[in-house]
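Shared chain: chain A. Partners: chain B in the first complex, chain C in the second.
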Partner chain A sequence: MTKIKDFIGRYQLSHLLILAALLLVVMPLAMDIFRLNLVGKYLTYAFVALGLVLCWGYGGILSLGQGVFFGLGGYCMAMFLKLEASSPEHTAIQSTPGIPDFMDWNQLTALPWFWEPFHSFGFTLLAVVIVPALFAFIIGVAMFKRRVSGVYFAIITQAIAAILTILIIGQQGYTGGVNGITDLRTLHGWDIRTDSAKYILYFINAFLLIGCLFAARYIIKSKLGRLLVAMREREDRVRFSGYDVSSFKIFIYCIAAVFSAIGGAMFTLQVGFMSPSFVGIVPSIEMVIFCAVGGRLSILGAVYGTLLVNWAKTSFSESFPELWLFAMGALFIGVVMAFPNGLAGLYQSYVEPRLQRFKKTAEPLAPESETEVLTPEEIKPKQHAKDTESAAGEYSHAGN
Partner chain B sequence: MLETNKSIAQKDFVLSIEGLTVSFDGFKAVNNLSLYVEEQEIRVIIGPNGAGKTTVLDLICGRTKATEGSIKFKGTELTRLNEHQIVHAGVGRKFQNPSIYEDLSVFENLELSFPRGRNVWGALTFRRDAKVVAKVKEIADMIFLGDKLDMNADLLSHGQKQWLEIGMLLIQDPELLMLDEPVAGMSVSERKQTAELLQRITKDRSVLVIEHDMQFVADIADRVTVLHQGQVLSEGSMERVQSDPKVIEVYLGH
Partner chain C sequence: MHSKSQPFSGTRRRRFLQNLLAVPAAIMLANASLTAHADSANTTGLAVTDKTVTVGILHSVTGTMAISETGSVQAEKLAIEQINAMGGVLGRKIEYIQEDGASDWPTFAEKSKKLLIKDKTAAVFGCWTSASRKAVLPIFEQYNGMLYYPTFYEGLEQSPNVIYTGQEATQQILAGIDWVVKEKGAKSFFLLGSDYIWPRTSNKIARKHIEKLGLKVSGEEYYPLGHTQFNSVINKIKLKKPDVIFASVVGGSNVAFYKQLKAAGIDMTKEKPLVLTISVTEDEILGIGGENIEGAYASMKYFQSLTNDNNKNFVKAFKERWGKDIVIGDVTQAAYLGPWLWKAAVEKAGSFDIDKVRAASPGIELKTAPEGYVRVHENHHLWSKTRIGNAQADGQYKIVYETKDLIEPDPFPAGYK
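After this line comes the complex of A and B, so read on.
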């Protein structure tokens, strides 16, 4: 099981910079705005997958309800945009002008109290981060302080996703129901539907994602990252080394929630609506699949995995829409059985050794590009045989 | 009576257990047990299977909550504290099976046990400075793993894993060290080394050991407590305990 540390050690800055260049330069140059906007949409899911790398891959906490936080972030942003789109002038034909159209259809005559603060953009930005973090904190305290973990935690998070979906759909007058919050137009008068706005939003999204990647990298490389690995393996030992295990679990779960929420808010901005179909069980599980395909121990893998699966989904469902869910299920099982470390694992086992051989012949005695804080472990010899051997076993313990 | 006990506890004993009872669905695994451990004493607990030895350690370190009774460690009541608070109070515990982080290196295993940065913020801002490195090396030398710092912990032998876990406790510098079968599964030479190690590390602390290997017990114990059915059957020096007819009855009569 040496590979976990290999993953941590190999978060070289260069890999992150390559991804940054790909997102910020190559994609915008190579694609028209329609395709780029699509990539931007996929990248909002990568925030969720990144959060899952931290809390599932490292912390061993499998959450099947990350759509909840994606949705909360997205809905907070959508509420602000909807209020701006529902100015009395725009909604003059309604029986109660100045409230969102779906409220009018549902015979509401005044804006509900919890919608009021979303008139303020500052409040909305805070709410995008704080509402999901607070919700995750409450779930975390309720679950982790009671030492609920493994499958039970996964099932409970899934139930929460189902409950929130039902709540949103049921409270149509307050939430827009099954259609969600649609017909979003402007942000402070700036039309978010234009091509130029889509470009700008794509770049904001990409920068935010790269920011989150750096934050995740910092966490993984800190002692907290090693503690997460230790906790996943020997929770009792960590506890009896003087750590309050639940506080670390709550922390990483909240971080994952905040990442997801940022993704959700950027989704709303780029796609122009938010609906319960991004909150429930199916999207939540899809997020886990993105993370697994990318490699659940690789923060960069989360981004590549998300892009790849979504690209496949788009091309596949154009020709065989009814088969996509089966293909997705098969993909998940296949990845779990054959490549438990996903794309990142494949890259590490097959591509990187070759790159290094190439590097060695090209420039012998190349100096280390990055200086580390007193790291005792140097680059380790690869253990292919062992990797594949322990693969199945390792996966099963992730669920515990 | 209680008052005098309390003052004695605070004066002379590092650990004083009084009237400790734990009941699992009516079955009393530990029944009205009282036990006192002095400073710098090596106390070994022996007893047949199911006597409640491991349960006693579980109760002290907070893994199991007592039904009744008190556990005082240097005047602090442990029964009301959480596991990590008990560790902060100065109690370290080694498990029966080596419990180490196999995904991490020996160095990292020890580093994670270093008593600094134990909350979320502390762990995020923890720096591997010279003091940490020096302490890890010092402990690694002590537990015979000085040349294996970079090795992944899963590649260690069983005995080395046991030592590593002892080292992880030592780096916390606990005043009371509890070891559950530290030499189980060790080779003869490893046992000897472990006995030496224990002699060395007990200079500034008290140690509570559960062990079955009688030769090892005789080598290290200051005093021995024999548990039987959750109660103290006999207590004293090894010779005294071995010649106690009640102990002979329990060990041979069943």
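After this line comes the complex of A and C, so read on.
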């Protein structure tokens, strides 16, 4: 019970509820469906930013290739939807009816084997989660077991993003190439392009995001979260304390991948197509920027940061179609120069103290800060030694 | 969950979640009734007032495609200004809302949605790459918009919501190949392109036609977009000695390709092999440099050097508006046709209503087109002539051939029907 109390402390719950109310009530009421659909699209990026808060902010693993997982999740969903949109009746004009149009343009005459299972929705949902997790696991094992970290890891993830983009573009008969997989229509006969479908998808998306926020909070508050911070600050000390550092890193990297993939799948559903332009280096770095603007130690900041940057992007580009990129650049430089801890840092240093002064009489206990940063000193080694077996056993092979 | 003293114990939490779920449903109902009411106010549902009509311009003015698409934006703005100077369309001045696709296909999709749903534009002039068109196509079909698409493209498409003002692949390719075979006695071809749908489809059509003529394709190669190392394929070309290099390399790769071709000692003015391109307009030559491509041939429907009166006026007006050093390529001219074709269709229909404009579009002709005379086909493509130009050191093409008749657009060539 104390665990639950800790994990949904009343104070953090209020922040989360404010966000939930904003996403579920205020935005849908204040916006028409076009703007709401845009917000839904932005929120899919928030999944990636959230994953980055965990693996970069807490774990200290900077991945510049999260677009890979966003893309994998999105492509899995797109493959299912494309197969449904390519029924023989819809594609009667092709030389081989019943296969996706881009395959026909590329002179394929049969559906490739790896497309076959995507006829099943159940398999697709599993694939959305498992394919990226597996891919992240393989990368993680290959990198972290060899103690590749820091800048080298970041560069390798960038290379992976570049490789996957080239692969997708090069194999256009199988993947749709530069165009991506477009013209997705229905999900089990349910037209995903209608306004009502967009509302429903928006709410599914928002609920999933809030679910992921809870999961992320749980991880941060658990022993794993403390270990991650310890690893970020002094990796060798954690290793010498008997923990298998690489397994923790692999785990958190996989979690970040799964979050990104869920975002990707929801993106495909809401926007109606998937293209390699989400897989490459540029979008991956952009997602790191969302996370940085929000504050890389704040899971709620990740959501607000993503919303802010994308809202700025859309409104700048609508008002100044030829100058907006400069405005975006100025925004990023401004954020990094003026408040390196992002929106969350801004909130902590300016808004929170005032709120607390205001609430002091009502709440005698100082509430825990939203973006608590633990130093290794705060983790009492004694207490840990006792729990090593259980904690390590839960997330990894037992400590060596 | 064995403690009932928690603020969020089982039943309360469940009830809370149920309430949470009820909110979206209520909001959906509220919004649905609101929008239904707003829509019934305007008969066409479009941004048309007694004095103005609003259209959209959707191109990349930032990112890698900006260099190509800027010309289209300028041409469309020029056409709109000229139409307004003549009194507008159905007595209304055209106002435009410009959006930036940022060379990014999802952004194109987002902006096209905005232009159709929020701005309710009566027509949109825009897109350049096939990928951007494919990204916006479902949106135009869903919200019943009208897109005027200016680029020469691969065909295999015919949407009720798009008017294709550039050439589809067969119009551009067949005449070009026929010409090199007849005039230059070409027997063998090497097909080379960037790796995406347009070059692949173009080369497929080219290969079919070449083989039908009983001639030989000695090689077919593709390189990723943005590729800059063509030395290995140039060596291959030197070994195979084709009569014609049929090139559909696009964008920045062109600069590397033609420079390396020249550096490898292939003098294009000697025409051994002869270079026939379907992707290098005057705009691209600006980047490549006229001296690097001198002697190559291009097969397209428009060159800036056309000498008819329409074109003289167009080039003069364009330079007055956008600067005297500017060059005008095939796509720029096709983009210029968009607003004029739309105006003609609206006037024929007597309405801005999309369905009426669509019904009126086939058969619309434009005698004032810079390229001469064009007519809209039933299949929403244009009847047009194809010309062969010979690249000059000054960056212009000298026109050496022009088809006698207008070529019928055939977006689904045999094998696809």
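The rule is simple: the second predicted complex is superposed on the first by the 329 of 400 C-alpha atoms of A that agree within 3 Å, B and C clash if a C-alpha of one lies under 4 Å from a C-alpha of the other, contacts with A are read in each partner's own complex, and residues count from 1 in each chain.
Note that contacts are C-beta pairs under 8 Å (C-beta built on N, C-alpha and C of every residue); 3 or more make two chains touch, one makes a residue touch a chain.
Note that the coordinates shown come from a computational prediction; the quantities given were computed from them, not determined experimentally.
**Student:** For A:Arg193, select first, second, both or neither according to whether it touches chain B, chain C, the two together, or no partner.
**Tutor:** Only chain C is touched by A:Arg193; chain B is not.
**Student:** I'd like to know which partner A:Gly180 touches here: chain B for first, chain C for second, both or neither.
**Tutor:** Only chain C is touched by A:Gly180; chain B is not.
**Student:** Where does A:Lys145 make contact in the superposed view: on chain B (first), on chain C (second), on both, or on neither?
**Tutor:** In the superposition, A:Lys145 contacts neither chain B nor chain C.
**Student:** If we overlay the two complexes on their shared chain A, which of chain B and chain C does A:His15 touch? Say first, second, both or neither.
**Tutor:** Once the two structures are laid over each other on A, A:His15 reaches no partner at all.
**Student:** Touch test for A:Lys221: chain B only (first), chain C only (second), both, or neither?
**Tutor:** In the superposition, A:Lys221 touches no partner, neither chain B nor chain C.
**Student:** Taking the superposition on A as described, I'd like to know which of chain B and chain C A:Trp105 touches: first, second, both or neither.
**Tutor:** second
**Student:** Please indicate which partner A:Gly170 is in contact with in the superposed arrangement: first for chain B, second for chain C, both, or neither.
**Tutor:** second
**Student:** For the three-chain arrangement built by superposition, which of chain B and chain C touches the greater number of chain A residues?
**Tutor:** Of chain B and chain C, more residues of chain A lie in contact with C.
**Student:** Would you check which partner chain A:Gln94 touches, where first means chain B only, second means chain C only, and both and neither mean what they say?
**Tutor:** second
**Student:** Which chain A residues lie in the overlap of the chain B contact set and the chain C contact set?
**Tutor:** Shared contact residues on chain A (touching chain B in one complex, chain C in the other): 1, 4-5.
**Student:** Contact residues on chain A for chain C in the complex?
**Tutor:** Interface residues on the chain A side: 1, 4-5, 8, 10, 13, 20, 24-25, 28-29, 32-34, 37-38, 41, 93-95, 102, 105-107, 166, 169-170, 172, 177-180, 182-185, 193, 195-196, 199-200, 203, 271-273, 275, 277-278, 314, 317-318, 321-322, 324-325.
**Student:** In the complex formed with chain A, which residues of chain B make contact?
**Tutor:** Per the touch definition, chain B meets chain A at residues 61, 63, 82-84, 87-88, 92-93, 95, 99-105, 107-108, 111-113, 115, 117-120, 123-129, 133, 149-150, 152, 154, 165, 168, 172.
**Student:** Enumerate the contact residues on chain A facing chain B in the complex.
**Tutor:** Interface residues on the chain A side: 1-2, 4-5, 218-219, 222-224, 226-227, 229-230, 233-234, 236-245, 247-248, 251, 373-378.
**Student:** Once bound in the complex, which stretches of chain C touch chain A?
**Tutor:** Going through chain C, the ones touching chain A are 2-3, 6-8, 20, 23-24, 27-28, 30-32, 35, 61-62, 98-100, 102, 104-107, 109-111, 113-114, 117-118, 129-131, 134-135, 137-139, 142, 154, 156, 195-197, 200-201, 204, 224-225, 412, 415-417.
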